[in-house]
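Every chain is named by a letter (A, B and C) in the order it is written, and numbering of its residues begins at 1.
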Amino acid sequence: MTVAEIAEWLKGELVGDGTREITRVAKIEEAGTSDLTFLANPRYLPYVKRTGASAILVARTFDIASASAPSTLAFIKVDDPYLAFLHVLKRLTPSIDPFARGIHSTAVISPTATLGDHVSIGAYAVIGDGARIGDNTRIAEACVIGSMAEIGSECTLYPHVTVYHQCRLGNRVTIHAGTVIGSDGFGFAPKMDGTYEKIPQLGIVVIEDDVEIGSNCSIDRATIGETLIKKGVKLDNLVQVAHNVVIGENTVIAAQTGLSGSTKIGKNVMVAGQVGFAGHLEVADRSVIMAQSGVPSSITEPGKTWFGYPVRERGRAFRIEAVIRSLPELARDLASLKQRLEEILKKL
Amino acid sequence: MTVAEIAEWLKGELVGDGTREITRVAKIEEAGTSDLTFLANPRYLPYVKRTGASAILVARTFDIASASAPSTLAFIKVDDPYLAFLHVLKRLTPSIDPFARGIHSTAVISPTATLGDHVSIGAYAVIGDGARIGDNTRIAEACVIGSMAEIGSECTLYPHVTVYHQCRLGNRVTIHAGTVIGSDGFGFAPKMDGTYEKIPQLGIVVIEDDVEIGSNCSIDRATIGETLIKKGVKLDNLVQVAHNVVIGENTVIAAQTGLSGSTKIGKNVMVAGQVGFAGHLEVADRSVIMAQSGVPSSITEPGKTWFGYPVRERGRAFRIEAVIRSLPELARDLASLKQRLEEILKKL
Amino acid sequence: MTVAEIAEWLKGELVGDGTREITRVAKIEEAGTSDLTFLANPRYLPYVKRTGASAILVARTFDIASASAPSTLAFIKVDDPYLAFLHVLKRLTPSIDPFARGIHSTAVISPTATLGDHVSIGAYAVIGDGARIGDNTRIAEACVIGSMAEIGSECTLYPHVTVYHQCRLGNRVTIHAGTVIGSDGFGFAPKMDGTYEKIPQLGIVVIEDDVEIGSNCSIDRATIGETLIKKGVKLDNLVQVAHNVVIGENTVIAAQTGLSGSTKIGKNVMVAGQVGFAGHLEVADRSVIMAQSGVPSSITEPGKTWFGYPVRERGRAFRIEAVIRSLPELARDLASLKQRLEEILKKL
């Protein structure tokens, strides 16, 4: 593609020579001839002067005149240079489609299942009684979709995904290999003799549109009602979501984090890896929870950052951590104070 | 079912009008006409006066006369109102059986495998040489049961479960999707050149009766002998059980907890989520381990509650935690004391 | 096998009676007639005098004369008695090969895939377009090998392993059940409206020779380039490896540990269970990281042991931990000091 073609495809504004051919994308400090680069972080502004790139993506508000760029550098002004860069990256990188087209002859599809148009189903996948699969959805090899499960349009399920009976996925949902949707919630009532009676897990899992879930996650069905993962949520690998949990829109949760039963996470929350949430609590919108933290009770104030085991607001957690770091010296100081006080008392 | 039919089915004692039809179960604060509710926790006693339910499950010892309940409310006295409630809940909730009946035509079953009566085996399941499956056991789609493995009666294996060769499951064992039983223990002997020699993992996993294991767990086979999960144990999702671990009867372990090699957990222990146990230690019966704790050494006194990293007895852990929470102020106090002492010394 | 045959097979030096038949291996304190035992740890030297074993494996440098062993005990001198013991253990223990020979008739193998000699492929395994499988490699039931993936010689893949498209495994790689190689890295760019744009994950996973990976692990493909697991690495179960991570040669990582994006772990590092590493950091060669630690930044000095959340060098971490353990007393001391100081001030 030429610089002009890229500018047009991105609906950007071209300033400079649009005729050159772009064959690669590259970081601004590494880019050379025929490369497209981008400027998102102002820290990289000094590189604009000396980049060897043929073209650069910049923000609409970028002041080209004062950038002292090489005359050979073409500018494409766009709304979000980094996102535009990702789009071009994806377009220029040769990649293969891992999904075979159509329905593999070995797929076992119940006669009572309903398939939309242009559905792909891989070898040895199983689609249960009464299941519904939306248009353009791709289900990879060896997936098992339970009875009465519903999967929307344009979804992507990688190999070995299990969707238990009656669970429902929206549109454009992506699930990576080995993830389990709808296993029983962990509920057992203690009996007098020390054994346990299983609490039936009669609810389902509902996953809304545009959710992506990593590999080898476990998302349990509700005891009654729904475990609910709302629009735009992104879960990393090996995440545990217990029964009746609700995860709000556009919340992202990193690997190996666990959410206990009936906990409600707000919208646009960011959770780092290996965090644990106790059950039956609420986390306010836009909260940020740092890695390995433990959240024992509700977080009611939105938009704050939290850290620690148990979590505290970040500033406080860091002040505590600073004291912990020097506890041996603090203990020594205390001992020496004590001794000096004894000496004073003797003198008095 | 009428109230009287429910009372009879539960072997309970009916006090009041048994003719009304029950169509739903509900919490006491939400129940209305045609609903059955229950009273287990005395905190909810005040609701008995004003509930709209048609019937309520109460303990055998419940004093109906002094409850001032509406005359329309029928009582069913049972041994355990909550468990009875669960039984009725399960009976009244329409649910589908996710397991197909019989042996699917695509199941690959070794001619040397032995199947009991009324076994169900799903599409694309594989049963290895010499494996034995007990009566009424249901094995879902795409499970792989290794050579010489033994699975008891009335077991339930959800899709994508792997049981490695020679491992043995008792009766009424439930295993959720993606769980692996019998992968190699993690044992490698260092060699002089910095590489490792694999220590052969020649043992097996034995899972006793009435065990339930969640989804995507890993239970390793023993180096020699058995990794042993005793009767009535319940494991949540993503739990790691290393080689030669023993888990005692009726112990429950929540999600993402890990048990290192050769550790022995006692009976009726309760372990919360994301706990880690070091190897070669013993945990006494009826211990309770709170979430995200780390257990570095044996717990010898039974029936105590433990918390922290490393764990300490709960009261102690909470006292320590209370000081940690105010460490910045403690450090400031210490600094001010030091200064005042300096001033005193100058004066003297 | 006779003692002499074992000595010859191990290329060891026999001292004593080589005619006796060995039928079992056993620990030195438990061994009896017809048993072979070993001495690796000098702590067990006193047992040599009184062992009932028929033969013992000792180091080349072992001084037989001064051991006062029973005259019936034969010695086999070898380079590494423990490793030799493992070899004999493996040879004498009856074990079954869980892998069926040859290509199962139900395996779906793309006509464009390339298979080496003596490859075994289990029932319902799927081998994608252009995939290459090396000589003597065994792929168990229900594995899914993606398009253009490459698997070397003498590899062992247990059931339900997923290898995504284009990922590459070296020779003698072992992967346990349910592990996923090559799922998408967790990368999403925030958009102005609070939703996220997926960052395409265009790279692959490369696993070098002699790597063993446990069950239910998730190894993500790189955003661009490679997630790289070098020669001889051993990963336990449920380990999370994010995009663009590099793990150095002969590093071992225990269960449920997670490595965030672009982190580089050195050679011969030992990582215990449930450890978390932040992203974009480096860990020096031969570091040891204790269980449940959190590593927030690079470790630059090689060969040290680290502990805590966040990690500190072990000696320091233990000194801090010693103070934490007695914080309630420290706080009490401080309060009492404060009071005494007040009293002194009053007196002055």
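Everything that follows uses one rule, which is that a residue touches a chain if its C-beta (ideal position, glycine included) is under 8 Å from a C-beta of that chain, and two chains touch if they have at least 3 such contacts.
What you see is a predicted model; the values in this text were computed from it and never measured.
Undergrad: For this assembly, give the contact graph shape among line, ring, star, complete and other.
TA: Chain contacts: complete, every pair touches.
Undergrad: Shared numbers divided by all numbers used: is that above or below half for chain B and chain C, i.e. same or different?
TA: different
Undergrad: As a quick test, compute the distance in whole Å between the mean CA positions of chain B and chain C.
TA: That gives a centre separation of 28 Å.
Undergrad: I need the residues of chain A touching at least two other chains; which ones are they?
TA: 124, 142, 160, 178, 216, 238, 256, 274, 309, 324, 330, 334, 337, 341, 344
Undergrad: Per the contact definition, I'd like the list of chain C residues that touch chain B in the complex.
TA: Result: residues 80, 82-83, 86, 89-90, 93, 95-96, 98, 104, 106, 122-124, 140-142, 158-160, 174, 176-178, 210, 212, 214-216, 232, 234, 236-238, 249-250, 252, 254-256, 267-268, 273-274, 291-292, 309, 321, 324-325, 327-328, 330-331, 334, 337-338, 341, 344-345, 348 of chain C touch chain B.
Undergrad: Which bits of chain A are touching chain B when the two form their complex?
TA: Listed in rising order, the residues of chain A that touch chain B are 108, 124, 126, 128, 142, 144, 146-148, 160, 162, 164-166, 178, 180, 183-184, 186, 188-189, 191-192, 194-200, 202, 216-218, 220, 224, 238, 240, 242, 256, 258, 260, 274, 276, 278, 294, 296, 309-310, 312, 316, 319-320, 322-324, 330, 333-334, 337, 340-341, 344, 347.
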